[in-house]
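Shared between the two complexes below is chain A, which has chain B as its partner in the first and chain C in the second.
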Partner chain A sequence: MIRFRRQFIIGMLALVAATIGVLWLHCKFHRLLPDYSFLTGWGLFASMLVLTFYNARKKLSFLPLGNSELWLQIHIYLGFFTVVLFAVHLNFRLPQGWFDWILATLFALVSASGVVGLFLSRFLPRRLATRGGEVLFEKIPALRHALRDEAEELSVGPDAKSPVVGEFYTRRLASFLSAPQNTWRHLVESRRFLNALLAEVEDLRRTGSESERTALDKLAVLIRQKDTLDYHRALQLALKIWLFVHIPLTYGLLIFTAAHIVFVFGFSGGAR
Partner chain B sequence: MAALQTILERPQRWDVAFDPNMDDAAVDRLLATAPFSSMQADKFPKRTPLREILRNDARILRFRKGEIIVRQGDYGTSAFLILNGAARVVLKPDLPPALLGRRATGKKGIWRTLAQIWNGWRPPESISNERLTPDAGLGARQDEAEVRVFLQDLPRVLDQHRTEQMKSGDFFGEIAALSRMPRTSTIFADSDDAELLEIRWQGLRDLMKYDDALRSHINQIYKERALASYLRATPIFQHLDKAQLDRVAEAVEFATFGDYDWSGEYKRLAQAGSVRPEKEPVIINEGDYPNGIVLLRAGFARVCQKAGGGERTLNYIGAGQIFGLAEIAHNWRAKDKPIDYQYSLRAIGYTHLLIIPTRVMEEVVLPSMPKSELPSLVESPQKTDDLPPPESVARDKIGGEVLEFLTENRFFNGTATMVIDLDRCTRCDDCVRACASTHDNNPRFLRHGPSAGRLMIANACMHCADPVCMIGCPTGAIHRESFAGQVVINPATCIGCKSCFNNCPYDAIRMVEVRDEAGEFLVDQESKPITKATKCDLCVENWGGPACQRACPHGALTRMNLNNLDALTRWLKK
Partner chain C sequence: MNGPLPGPDFDAQNYARPNQNWTCGHACEGAPCRLGPDDKGRCRATAECKPLLETKPGETKGRWRCTRPGGACEAGPLPDGSCCRPISKCSPRPTLRLIRGRLTLATVVFSVATLLIVLGHGAWRNRFINPGPVSLAHSGAAFAALALTNHLNQNCGACHAAGNSGPNGMLHASLHANPGIFDIKGLVLAKTAEPNAIDEACEKCHVAKNFHQANAAPISCSFCHAEHHGKVMASTTDLNCDFCHADSAKMAVSRSTPVIHHFAEDHPEFRFISEKMCDADTLKFNHALHLTGTTIPKLPGGEKLDCAFCHRPDSAGAFMRPVQFEQHCRVCHSLQFDPETPQLMLPHGSAEFVSAYLRSLPKQYLDLGAKEDPATANAFAERKLAGLRSQFGSGEQLERRVFFSTATYGPQAQIGSLSGNTRAIFPGCVYCHEVKESPTGTPQITKPLIPERWLSHAKFNHAKHANISCEQCHDAVHSRETVDIILPAKETCEACHSPRGGVANSCAECHTFHNTREVRNVQ
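Now for the complex of A and B:
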């Protein structure tokens, strides 16, 4: 963790220094310079463009544009700094008018989704690795079908002889195995559903015959495997889905920002 | 119901002969030819008689003038004896890569780099005519069920390169076959009736074992051609003068352990889930008297220590590394407190090694070494199981589970293994997308593979130190880049024979049906699809290094030489 810690310390120091610098400049010049809001506006827009270009960097991976890890570090700390620039640009006041409110709301949502994404990408991978059973997201449906087929064969297939196991499968397992389940529970690391289901299996097992016990033991294994698949699906989905909020909102923000610039210049007679 | 049993005759070494068409007449002819005519058949054991070695481990090949027999840089498993006609070895300069069926080395130019922006929209595995056309100086013909590649413009080759003719009775390729090193020269047939005997390494090994003349002949060649330069490049011998180095070279013993065809066997065992370290041949036994240091010339070996009823892996060593120096240096300096070998050494796969006897070490090598370079005295010989291993061992650095995982799966073979830290990987697939965009929309790896703890080894070509995929390629299409040594495939000369695909023990090579630039599948005259082998080329043509590694936003993916565990330790602790 030495390198990552060093990255964090350097990034934070740079962020704090830049923030102090900008606040000092703001205190010193915001009343003195007549075009102060243009200056802060262009600064804010430039930093937003750099932040957005990270996505383009990802798509141009065949060009030697530096490694993505460095780009992400810049993206994170410049992202926080852009929030400071935004506040400075607003002169620490609330926006005025519906257009500015939309712009500010979009900015807040992009920033917030970025912070959520950062949080998720720092904490969820470790949970996935700890849980084990690594699986490709795209393969989860096929694996789920295979588990369901196996459980079905075991419980209600031509060789299945126990009505107890068959009834348990139909009542409790068929729906559990047919579709993703417990997404929210997995995100908050709750195992209540799994434990309750396994407790039911154990109850049946206690009173079952030898062949029923064997079938129930196998079903318990399949239940655990399905639960692990659901766990991976839930966490991997969370790791993917935040980008579907962050990126479209970013482009929305850029469009509104461009319109904002046009309006400002249109109604101010151009930059002075 | 009674359990079904399948009774199968135990597989024997010669179940599959090198050439099933070797008949008695051919063997009789060989037995009347030098050097076999001078070999004493009664010195060979009953299980491996000379006659059967020739029948099962050799085959007679005929080449026409200009046909390439071996290529410089290829890995081969056999040696050749010229029976009739002549062959010619290219001395200097080496033939250009294109004439060896390889693609020319070079980074993409600015336009080809930028063209990747729109090439991403091409149909999968579409390939331009230009990339499918082999060099005009190279021809190929189907000959006796084998593909033969020949040099089209032989006079020009002879004019531009210094060559030397080899005549009947000359041996070549034996060093590469026995030591599993790349072939050092290209040799092609120099007459239309060139007849060669190809002996696979198992046969050559046995011939050397039971025939003193052949053994000393090959050892002599080895010492002359390969050993002196190797010893000179080994750090512990750097203080020796020429006379001392000659004495060391004279005393060197060669040994090979394990199975040359380990990849096939390993693949089979791995699929059956029964790769067992205890099956690996012992090179050195813990507790034995140290009678020499071991220098690994090729392959890998496992350093292990007795623990409980079995053994635990402490480290693995690869080519260029030394085993036993600490013990011998200790005994030389502390004569009153001699120690035995502290650990066992087992061959993993195939291992070719040199042994320098203790006497030579004590008389010549150790006195020449400065005190600062001598290993420190072994303070607490580990005679019991409960003593901890020394701090320097790999087990302490990366943990027992990861070490066993890397060893059992033989990942140490990789010089550019794709290692993923699952604690940091967000499964975003940026690496896969980057790979696809640098290869015209065709990803060359799968972000999945075996894992241990937080470490995953993805299913991508590892650019092995021992590239078994390169053994047996009939056209030289799979080869090492001459510049940085990456293993790459030339689509123009790949004939889709699956030799590399079947050999790769890590399943890192894929066979794909290729299309033209319009997206239509390419087919041969019989309307069968044209297939080519594809794999990760480590972005050898792109600027900036492997795109997968550069694309990871979280520093969770790296390409790493797993024979260097210090680098892995540093990366895991970063």
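Now for the complex of A and C:
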């Protein structure tokens, strides 16, 4: 924790210092240098390339390019600094043309998805640690399958003798156990569905026979395990799904940025 | 330690392959195969084991042995050496990693395709890459007509060479830009306001730069006139002016203009004050008397004489129309010379006309008498002329009195037959004008010179100042001499036009950079 706090303080100090520095340079040079926006543009593009290289760095793990944790810290703080550079490059004005709007929107989406990803990666692991231990995302389908088999064996298997439990399984549990459920509810930490299901089990248990009570107690355990599995799936999916916005749009942004560079040079200096 | 290192705690049997593109279709059942799918997503499942042929010494055929992980099966390999327990083929499922990769690829393809399609279509291209609305001056109907006569492209190509071409042309133009696309040093060292190729495009229509000073350094048009910022071209800021006017080195060539940063800071006092200039007009006019004098009569409508009676704005409201004698002065100064005959008034505007009129008085009286009673017209005229002769002696004396009398009260001032110390109705031309003797006979009246614009290097709009009274800027109530230039000092303007006053105070509020606005029209 101390190490993380030290990294955070160093990163924030560097970010604030860099921001103040670039704003000072902006005030000093944005009227003085005629090609100021070209220079801020190159700075912004270089910054974007470094940020993109973080993805490549993960694939080039054999190269001695520093550890991944360092690269992640650079990616986070440079990402925030790039937003400042972007505002400076736009001279704190909104774009007006179609192309510029698309470019700015792509940048905003990539930045926003990055911030969302940072938020998720900081808070969701804490929530995951509070429920059910460690579950590998790739193993979840197999675990769910095993739970369903076990519940099926209890309820409608050859040894099951209670029609009440069988009917309850068929009516309420079969669909619940066969697929992921309540993704959004888990993300917002709602247990309403689980509590409702357990209340139904409790109702049946109150009027059931001894053997039915035993079966229902086991089913209640399986229901809780399945709910925990769904909880892990929902949160781990959220930890992965933001990258489906962040990474594809990053490459789209780079392509539009390259086109932007061609346009600005072609239409200003290129006219000479 | 020569032996192999102990392996990590890794369940290779149930490896989930999260960093590969495909995962076994049986994984969701908790029973993925050991091999897993290949790179193309094809199932590689064959059988539970690959039997091994064991040949003992002396045997020729040997025996197939089951190699199934977890123990040999009961049936064992088939006689041909194949496993007796084939694994059912699965439909491998793409991992999240592969789905994300496909989405990324689709985004890249979509982006490139969109750019190529839009840039390849002439009509879409210009609209798509336009960074902002072009000003009406360069996009309206007038520009279209001018572009037609000047053989210009009406689109981006009118100003940008790259605007006439597609993606290839744009790429070519960007690679041959100056400073170059990777010439960071050139970008850093570029000189501010240096003319560039866009200026050449400007000069296709605009006559070569027409600066306010002939010795001004050449400046790029786009330094002051930033395009693509809306339908109205962005206004010039003080920083544009300060580029020269705040630079002592540049202003060294100017003999009269000092270094100026801002109107409220170091703009010099207006020259008519600092150089104590005087109004050179020969017309005698006392503003204070007309505005505050107790002897000034009321206007015909009963109102008191004020500034607005004589100083009327022009149609645009920016400046004041010239004061006209007939409209503004004659209502009080009627130029009557015979109080008993108010119908007859001297003409205004020419000494010759006045002289001729006085010499035609017999005819004037005769015509007037004929209008009233033709039968007594001659007697009427004789009576009037006799009255004038008895008072002045001769026509020459009357004429001298008309031109040169300065008295406003008393018998000397009287021109007509009124007696007593009464106010003169017409004191004489010299009362207002400079009248000189002339060898030709008729005195010469110096023509008044009243400039329509006093500060010719500045622009002003009276209409925008309608909410303040005239006296706040023009100290007319204390001006008794014609030589007074009743314009406000810089301090008066600065009270409002300064950061302190909060009203617009940029250079361009009053000054224009170019001498004239000329547009080339090539037929």
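The working rule: the second predicted complex is superposed on the first by the 268 of 272 C-alpha atoms of A that agree within 3 Å, B and C clash if a C-alpha of one lies under 4 Å from a C-alpha of the other, contacts with A are read in each partner's own complex, and residues count from 1 in each chain.
We adopt the following convention: contacts are C-beta pairs under 8 Å (C-beta built on N, C-alpha and C of every residue); 3 or more make two chains touch, one makes a residue touch a chain.
All figures in this text were calculated on a predicted structure; none of them were measured in a lab.
S.K.: Check whether A:Ala146 is in contact with chain B, with chain C, with both or with neither, and answer first, second, both or neither.
M.R.: So A:Ala146 only meets chain C here.
S.K.: So, A:Trp184: does it touch chain B (first), chain C (second), both, or neither?
M.R.: Neither partner.
S.K.: Of chain B and chain C, which one contacts the greater number of residues in chain A?
M.R.: Touching more residues of chain A than the other partner does is C.
S.K.: Touch test for A:Leu136: chain B only (first), chain C only (second), both, or neither?
M.R.: Touch status of A:Leu136: both partners.
S.K.: Pick one for A:Phe265: touches chain B only (first), chain C only (second), both, or neither.
M.R.: Once the two structures are laid over each other on A, A:Phe265 reaches chain C alone.
S.K.: Between chain B (first) and chain C (second), which does A:Lys240 come into contact with in this model arrangement: first, second, both, or neither?
M.R.: After superposing on A, A:Lys240 lies in contact with both chain B and chain C.
S.K.: Taking the contacts chain A makes with chain B in one complex and with chain C in the other, which residues are shared?
M.R.: 136-137, 240, 243
S.K.: Any idea which chain A residues touch chain B in the complex?
M.R.: 1-4, 58-64, 66-69, 71-72, 120-121, 124-126, 128-129, 134, 136-137, 236, 239-240, 243
S.K.: In their shared complex, at which residues does chain B touch chain A?
M.R.: Per the touch definition, chain B meets chain A at residues 113, 116-117, 422-428, 430, 433-434, 437-438, 446-448, 451, 453-454, 456, 542-544, 547, 549-556, 573-574.
S.K.: Which positions of chain A touch chain C when the two form their complex?
M.R.: 31-35, 38-39, 42, 95-100, 136-139, 141-146, 240, 243-244, 247-249, 251-252, 255-256, 259, 261-272
S.K.: Mind listing the chain C positions that touch chain A in their complex?
M.R.: Against chain A, the touching part of chain C is residues 14, 16-18, 23, 27-32, 95-96, 99-100, 103-104, 106-108, 110-112, 115, 127-133, 156, 159-163, 169-181, 184, 187-188, 190-194, 196-198, 201, 223, 228-230, 239.
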